[in-house]
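Please read through the structure below; I'll follow up with questions.
Chain lettering (A, B, C and D) follows the sequence in which the chains are written, and residue indices restart at 1 in each chain.
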């Protein structure tokens, strides 16, 4: 039974606490949070204790540190845990500053502890099924990938600056998904974007509607369609076109109920509203994959390098937007 | 070029006039109608002449008589045309009285002229595709057939009596469809029905909501789900379940437009509204099948016997409703 | 924290054990099974103890007895638990013999303990959504209900006799579903059936393909389409047609992956394979509903009477099959 | 009754001949083709005569000249017809050389005859429905348009050079569709492309897989996803995302038949195979729109300027591909 020190007691931390408890091979050992009350409340639900971050990371009984605190602490807490010899699960991103990410990744790799970055979407049963089908060659060589990724509604205005901008905050998941499905590293990035959704986004110098294209050395193309607002729930679809046909994964409706009326036509249910609902199973599968890797001493499926590469693609997209040019990137060996 | 005398100038007659004109091997020669004005108007669109029914049926230039007048004249006009040696296309039903139908069918068969009954639904590309797939054994031996057949809204109150009741007027198409898809004659019929849609139906002693089950000698079961009112357009679906799986044909939407909003969910278009829209292609294919049979002197696909058998099933359903029992029928050799 | 004595350690018992453990207000206290090894194995996963049935039912710390043993013991164990003053959750059916069920239900009602029968399908999020929409009047007055219920493949030959026949074993769920969705008791039943799937079914005098129709006093019609073999997974669909339109709940695919190829057309995934997968969420919701009722001392949602009424409909269907007549039933006041 | 001189007797000309004949207000007067035999064969089907191009264009009885000859003759024949004072329907493109197109458009505009360019896809009932819904504000202000346009299989190798390259030959339809749906002119274009489908394409210096993005002055983004090979039929889908939700038009299946089996899952039919099938109705609606405009002396819906603008976008995309930069375009006032 692996003992988990959970850093953070917010929304994502609660999801992890539940999955840790439900997993037959892990238990929630402690919760740490800047708010002692939040930590206490979460810990009490699972008969866990409240520890300070320092105590938790260095506790001899703790096997794994799960970093689900606010973004600016991810790199620091991860490094502390790595130095304490713990296995680490860190929510994305490692940091918004690419130099700090590079330094952190290098140090973690040097220390050699298991480190998994939380790219939960790879573990969504639908996206994972697409991945398996592509790798099994069901449509031959992949040629063109289309990712549609739209949040139901914009982030709060006061989060806009802290977010690091849409490409680093939101598209980062899509960059990772593109790499995951492509099976070949992108060598160039170009981006088109607008601020159409809210005046606050425009005022902050950010964008909320974008199309980003990636191209690999062999010519495969991935296009990411992003919006901060769908207006009808979470839009999380992927299409893959290849030599022998196409594969698609669609959104997941809340239920299969369909209503047919004179006025409304044929009305199916909206997609599951946002990531808590849509990626509920993905978070559970992600945790299982991590625990399995730690127990069996096999490599974790999403590494610190994956976190760095996704951020490098985000930086390239930002540069493309600024220069209005295709920007070359080199991810091999990172 | 086969010359067609069209009897009738109403809604169905207009569909036929258009298909006659568009077909490369047929032309509209004359139109006859109880309303001279209606006949003249329709004839003028296609450079055809207006003739009386007698003139048309006996005209030496006429090859084919198409009977699309009101129901009570179908048998008489068909017999006259048969005696004049013409090929005949007759809209369903031959008559509402089963004894008259039997006499008419016997006489037409004796005279040996081509006679096709207008069971247009068999020629719908979707239903025809299902038929081909079943005959090709795509799901092995058929075991269970489910027909959903709902009109968008009830017939006018003043047509209720003339209609002969729902089973003879509306379900007759479904009885024919069941026979077409089953590929084996039903040997028993049972029916459950209610009058739920309108007080006028109830007052007329008719029913508007029904489930009719048919069973064949080998045990295959067909169930027909009927309503005089769908509330959302024409419901015309079939499911077939067999040894190796299932086949379904669904309704056809007006366009493929889908709208996704917070309030409305995922809204697809309603099914094509009624038979003029949904069976537009079926009427054209039906006419082509008839012309092809006449030209090639091969048997027509839907015979006078098919018309009689469908009516016999309707009569059995009526008796089942009255007696609350399963009613045996014998269609072999009819 | 309610303490649960689980009787049985088979397939269904394991589902319940998992849901009991995951629920914040219940814990697995003990497991009892005819096989001590099976009981021990299941108990150890949840730090529960192994008790004999007698010990478990009469244990002072036990709040709830969950009866998930083989069918012939349901009535006896339920009565023992009722006499011991425990709340009871009993898997369906109470018994295959209607007189024993009536006696058991009467005694349980007399003793006044909470007793819930395991009609899990009512708690499926899709079926429950349909129920809410119907009760909310979304399509006005309900007129016609169509239930499609097909198992992926036939039951083992050696279970055929013990099952009590298809209507008591399988259709019983659909009878309950029809009552749940209709919102009005059926007053008559008729049935058509065949043995088409396997020679063993025929040899056992049972049937495997059936259409059962129910009618209520106000004329609402429900039709149940059953097969012991779908050939493509679990078929669990419902359609409801009413004054203002229709509502449907469809099957749930394993994932949303769709493959498009020249040879295969547009291939979506099969429905979730069988009840363990399709009704995974339903079992969890069912347990939550039971615990909520016990904690809040409110009526359980599915009662002993519901179990009896479903069996009465099964008996009527059997009689209809024998007599080839519509059979009247009286469920009011049961 | 408008009399039509049809120039050309190939695949597209045949579609037009059929639609001219079926339309109540037009008749096929003459056919002209470089192959007299082809012209004679087509003319005879509709009781039309065979004329030389010169005779046809200058014939006093001819009202309309329909140019459906090979691409390099479009501009010349259109100009001759314009000088003869005829209304003109010209298949796209006017020419592959943009200077010749500009000169031709200027001259035609100067002469003031009705001139319609054959952008048939605008008249597809599905795409037209999307257009109406967008203009009616059903999703508020449009923000992001996604066009998927994939041919079933590559063009013949010997057509590659004559085609003018994928952007001028195939994407030109998508550029027009983007303009049609956007309702605002693009001001910049960028393109990413690869040659993945066939060695012949690569050898010809052409591309077969591409993503083209357009941006308007107000920030609306359109992305076009192109491939010369889908592997499963014609892929013609559009998505529009706006302030209040989204609208999509999907492919049209050949029939609604769906097959469910253990091995194949849930198999729906492929999309209609190619433009002859998918845009069958669009060509008919296009012709009706043209005849209606000529008869009522109202502007034609797709003008010579539309032809020029689509080609200007193609040229910009080609430049973007070469320079790896976003390319500005100015379509206002063209």
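Worth a mention:
Operating definition for what follows: contacts are C-beta pairs under 8 Å (C-beta built on N, C-alpha and C of every residue); 3 or more make two chains touch, one makes a residue touch a chain.
Chain identities (UniProt): A, B, C, D = Inositol 2-dehydrogenase.
Quick caveat, the model's predicted, so the values are computed rather than measured.
In summary, the chains found to touch both chain C and chain D are A, B. Contact tally for A-D versus B-D: the pair with more C-beta pairs in contact is A-D. Of all chains, A has its CA centroid at the greatest distance from the CA centroid of chain B.
Seen as a C-alpha superposition, chain A sits on chain B after a turn of 180°, to the nearest 5.
A straight line joining the Cα centres of chain A and chain B is 57 Å long.
With centres taken as mean Cα positions, chain D sits 40 Å from chain B. The multi-chain contact residues of chain A, meaning those touching 2 or more other chains, are 139, 230-232, 244-246, 260-262, 264.
Within the complex formed with chain A, the residues of chain D that make contact are 139, 141, 143-144, 146, 148, 150, 190, 192-197, 209-211, 213, 215, 219-221, 223, 225, 227, 230-232, 235, 239, 241-246, 324-326.
Residues 230-232, 253, 260-262, 264-271 of chain D are the ones that touch chain C when the two sit in their complex. Considering their complex, residues 22, 24, 45, 125-126, 129-130, 133, 138-139, 244-252, 254-262, 264 of chain A touch chain C.
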